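Pasting a structure here, questions to come.
Order of writing sets the chain letters: A, B, C and D. Residues in each chain are counted from 1.
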Amino acid sequence: MQDLYRELILDHSRKPRHFGCLEDATHTADGINALCGDRLTLYVQVDDHGLIRRSSFDGSGCAISVASASLMTAAITGLHVTRAASCIDEIAARLTEGAASTGVSPELEKLVALDGVRRYPGRVKCATLAWRTLQAALNNAGTPATTE
Amino acid sequence: MIARAEMVNAHHWRADFPALDQSVHGNPLIYLDSAASAQQPASVIDTVARYQREDHSNVHRGVHTLSHRATEAYEGARDKIAGFINANSRTEIVLTSGTTESINLVAQSFCRPRLQPGDTIVISHLEHHANIVPWQLVCEQTGAELAVAPIDERGEIDVEAMLALIDDKTFLVGISHVANALGTICPVERIIEHARAREIPVLVDGAQAVPHMQVDVQALDCDFYAFSGHKMFGPTGTGVLWGREDLLDTMPPWQGGGDMILEVTFDRTTWNELPYKFEAGTPNISGVIGLGAAIDYLRDIGMQNVAAYENDVHDYMVAELAKVDGIRLVGEARRKASVQSFLLDDIHSHDVGTILDHQGVAIRTGHHCAMPVMQYFGIPGTARASLALYNNREDIDRLVAALQKAREIFA
Amino acid sequence: MIARAEMVNAHHWRADFPALDQSVHGNPLIYLDSAASAQQPASVIDTVARYQREDHSNVHRGVHTLSHRATEAYEGARDKIAGFINANSRTEIVLTSGTTESINLVAQSFCRPRLQPGDTIVISHLEHHANIVPWQLVCEQTGAELAVAPIDERGEIDVEAMLALIDDKTFLVGISHVANALGTICPVERIIEHARAREIPVLVDGAQAVPHMQVDVQALDCDFYAFSGHKMFGPTGTGVLWGREDLLDTMPPWQGGGDMILEVTFDRTTWNELPYKFEAGTPNISGVIGLGAAIDYLRDIGMQNVAAYENDVHDYMVAELAKVDGIRLVGEARRKASVQSFLLDDIHSHDVGTILDHQGVAIRTGHHCAMPVMQYFGIPGTARASLALYNNREDIDRLVAALQKAREIFA
Amino acid sequence: MQDLYRELILDHSRKPRHFGCLEDATHTADGINALCGDRLTLYVQVDDHGLIRRSSFDGSGCAISVASASLMTAAITGLHVTRAASCIDEIAARLTEGAASTGVSPELEKLVALDGVRRYPGRVKCATLAWRTLQAALNNAGTPATTE
């Protein structure tokens, strides 16, 4: 079990960073994981140059989805939105296809802590929820992101 | 107290269920998720397979031998179902794909043509989505309103409040016999008596009752009773709507197609008699035959024995869980059956579920298709352990040990 | 011409079906009733039994291992179905209990909310009751009208007349791909092309097509395609509605309950995304997994091979039956598949059926849920022999011999 | 097969007696056998003393149901309606429960030709259709009798 609930994950799930609402967000989206009832709202503030200045989230979820959201908001701060979009793909591939345990973009270094999820296929959706929600927020989609 | 002989029998019952004889993540499987779907005894699995190997054909309209055998077995299962819940007649047993379809059938065929704006459908705050959403849909279609009786901290329905909601505007009352998220046994008898006096029909959602206790629809004196095969050790895709014949008689068909008609012309189509009027198309023949085998299995044991045995394990489960440090039991009704929901420290129930699974203990986590119950308690979900006749006290010990381990990991 | 290799394979196919290996009334069973319901290969029977013995649990909302396995297998079957009919996406595959439910779903969810008095639903005179009665019901509910394209003595649709019925008042066209009573292959491509040009949606009832030929819903370019598991070697209680995503998106739910919602509150309930919006309650998990195994079986053989082989046996059947003294073939369309209806002298078809059964030959008799077809021919019913990939020319010889015997008895 | 299709049955099915509509019937009913599409209309003329003066039937059906109707209309002529009602029960018991191969009421003697049906359970409904329809006619039921 320790491969799933690593110290970093437990730490981020207990004390999520960037937790709360961001008043001056330019992009927001809701994410729902019907499986375990996780719900989160993601707030992203993008400046005129397309750079993510700040992001935050609130809602409730399991340790994996909260830690993932917490790690994500830290990771994407300062990135350009197109770079963030490619991070979404990288994480999705990493977690679902079990791709490339070796080699990760520097921005996503800490996300390696989520690698254990691969061995718990039922939990992959928890780990990807925040990222799907980011995708929805950046696309300004009106409907909540889901993990089905 | 449970007699020793029954305890011994219970060991034997467990051995009847092949799926329980396996390891998960290197630990013997402890299946505590029967409220979601129960395992099947070998007799059910084998009956279905044998039917497919020897007797399968379409039912009702065939003259050849296989068709005759299939029809006999299929209609024989209907007789067994009628006997099992003490229906007045086999014509009152409508075969559906599950509790959900049974309730939608009543909403659409019984209620929709007659509901007026301002009429109410009264339900409780404890219901499964299957006993909420069909009524929401038909209310939206007709302008009727849903009236919801409140519950209390124990997870019991406030009966007085519910009775007060049942007035001349009430068209139908829908109530679960046993609530799936919390295990509350609802006071259906009182509600039915009250409604009967006002000539208001009552639908009982019996999905969580039929596997665990003797159900007698005539003694209950309700008007509709809905349940699912897969929760009572039968196949998925099977269900029953029992309805009082005089009510079923007045209802228009639910779906159109083969078998539910006597005659089709482009000018005028006449419906078949009960129960076939409500059974359009090729039914789930093998599933229903499997359900018949599940009923044989339960009758052989006797529902009294099932209930007595399960109550013992249930009470042990509640007592042992209550001793776990950091646990909060959700649902502490005075009359309960087969289910216990809980929260552990501030560990999300999904994480609890994963850690238990890793130790071979299968429980369900989340909202259990009863979001309003969760909203009432202000929580996103619970962890839920649910029992069937194949569980025993050792299973509970394993559950408790697995919960201790979860606390260690999240310490 | 069929290559020798395929003939040999066909022998092998037959051995895959355990139910065919038995005697009826002391004679080897010849099963010529697959249009009513097909037999299952051992791989399907075993897949279902194995699932129940090892992997069963409820799907979608569980975190434990069995639930995960069940969900993977169930959703994996959906992927297989999507591939088998070349759907654009798995979200277009709505799992139902059969063709009948699939068509009722479209009638109630797609048509009912939008149909206006005076609108028409256009069907043909060849349809199965499942493609008639749901439209009659929704027409009665909305004041729309059913317009029925005529057929001719061969049992072919008068296409020009059908195209002429499709006008600006037409809301939807419903047409069978292969007609079940007569085996007519209907000119769906032409009808779809005509309707598409007028932006009128077309539902194709594919119950009798999918088991016998390659179906590609994108190539067909229809809007809805409905079929049943049990006619394509899968379990009863399973069916499919394929629908174009943009149409499914606009439709309200069909039934209410668990799984079809994202969120339930008493104020506002939000629907789940496709296809789950249309799948309320616990689905027929084992049945759908069995259907997945049936598709594996068919894909391994290849639908091209199935069609080529069956066409050969079909043509042989038609030719041999035509030679029987006193026979009248009913349904002699130029394009036909897998079915031949007939009358023998003035012997009632029910009596023909009994006499054949006595010789081990299983055929279906009666109206075949297509009463309007019988009304057109002015007969109460027919005897119908129908084929699947496990039949061969010897079966036809046995059928013919049994018919001779019937003539002797009634001579 | 000859136990089912006895000469008497084949004869009555080829040349049904009392076939056709009875203009001055006091009781009529329709019978439908959904299984094989048999449909018959039964006409019965009952006098003031409750005696069945005449009866006839029309419609179409299989050999068994036509022969059964033909034999029945012959058998019930002259009976009191209460006696006819007890004949219905006797025949139903004889055909479905396989009861009493020995012993049959004198009025029903010829009906013994239907005994073979017992070994063809799928055909029992054909043999009983006429009798169920008689029951409906005597009860003046408005809905067609069926054999389900």
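We adopt the following convention: contacts are C-beta pairs under 8 Å (C-beta built on N, C-alpha and C of every residue); 3 or more make two chains touch, one makes a residue touch a chain.
In this text, all values refer to a predicted model and were calculated from it rather than measured experimentally.
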- prompt: Quick one: chain C and chain D, Cα centre-to-centre, how many Å?
  reply: 38
Message: Can you work out the whole-Å distance between the CA centroids of chain A and chain D?
response: 77
- prompt: Rounded to the nearest whole Å, what is the centre-to-centre distance of chain B and chain D, using the mean of the C-alpha atoms as each centre?
  reply: 45
Query: So which bits of chain C are touching at least two other chains?
result: 61-64, 67, 263, 350, 353-354, 357, 365-366
Query: Which residues does chain D have that touch at least 2 chains other than itself?
result: 35-36, 122-123
Query: In graph terms, with chains as vertices and touches as edges, which category applies: line, ring, star, complete, or other?
result: other
Message: Once the touch criterion is applied, which pairs of chains come out as touching?
response: A-B, A-C, B-C, B-D, C-D
Query: Once bound in the complex, which stretches of chain C touch chain B?
result: 18-19, 22, 24-25, 29, 31, 33, 36-37, 39-40, 42, 44-46, 48-49, 52-58, 61-67, 97-101, 103-104, 107, 128-130, 132-137, 146, 148, 228, 230, 235-238, 253, 255-261, 263-266, 269, 280-287, 350, 353-354, 356-357, 361-366, 368-369, 371-372, 375
Query: Which bits of chain C are touching chain A when the two form their complex?
result: 60-64, 67-68, 72, 262-263, 272-273, 276
Task: Using the touch definition up top, name the residues of chain D that touch chain B in the complex.
output: 32, 34-36, 121-123, 144, 146, 148
Statement: Interface with chain B, chain A side, in the complex: residues 1-2, 4-5, 10, 35-39, 60-64, 66, 120, 122-123, 126
- prompt: Which chain C residues qualify as touching chain D in the complex?
  reply: 347-351, 353-355, 357-358, 365-367, 374, 380-381, 409-410
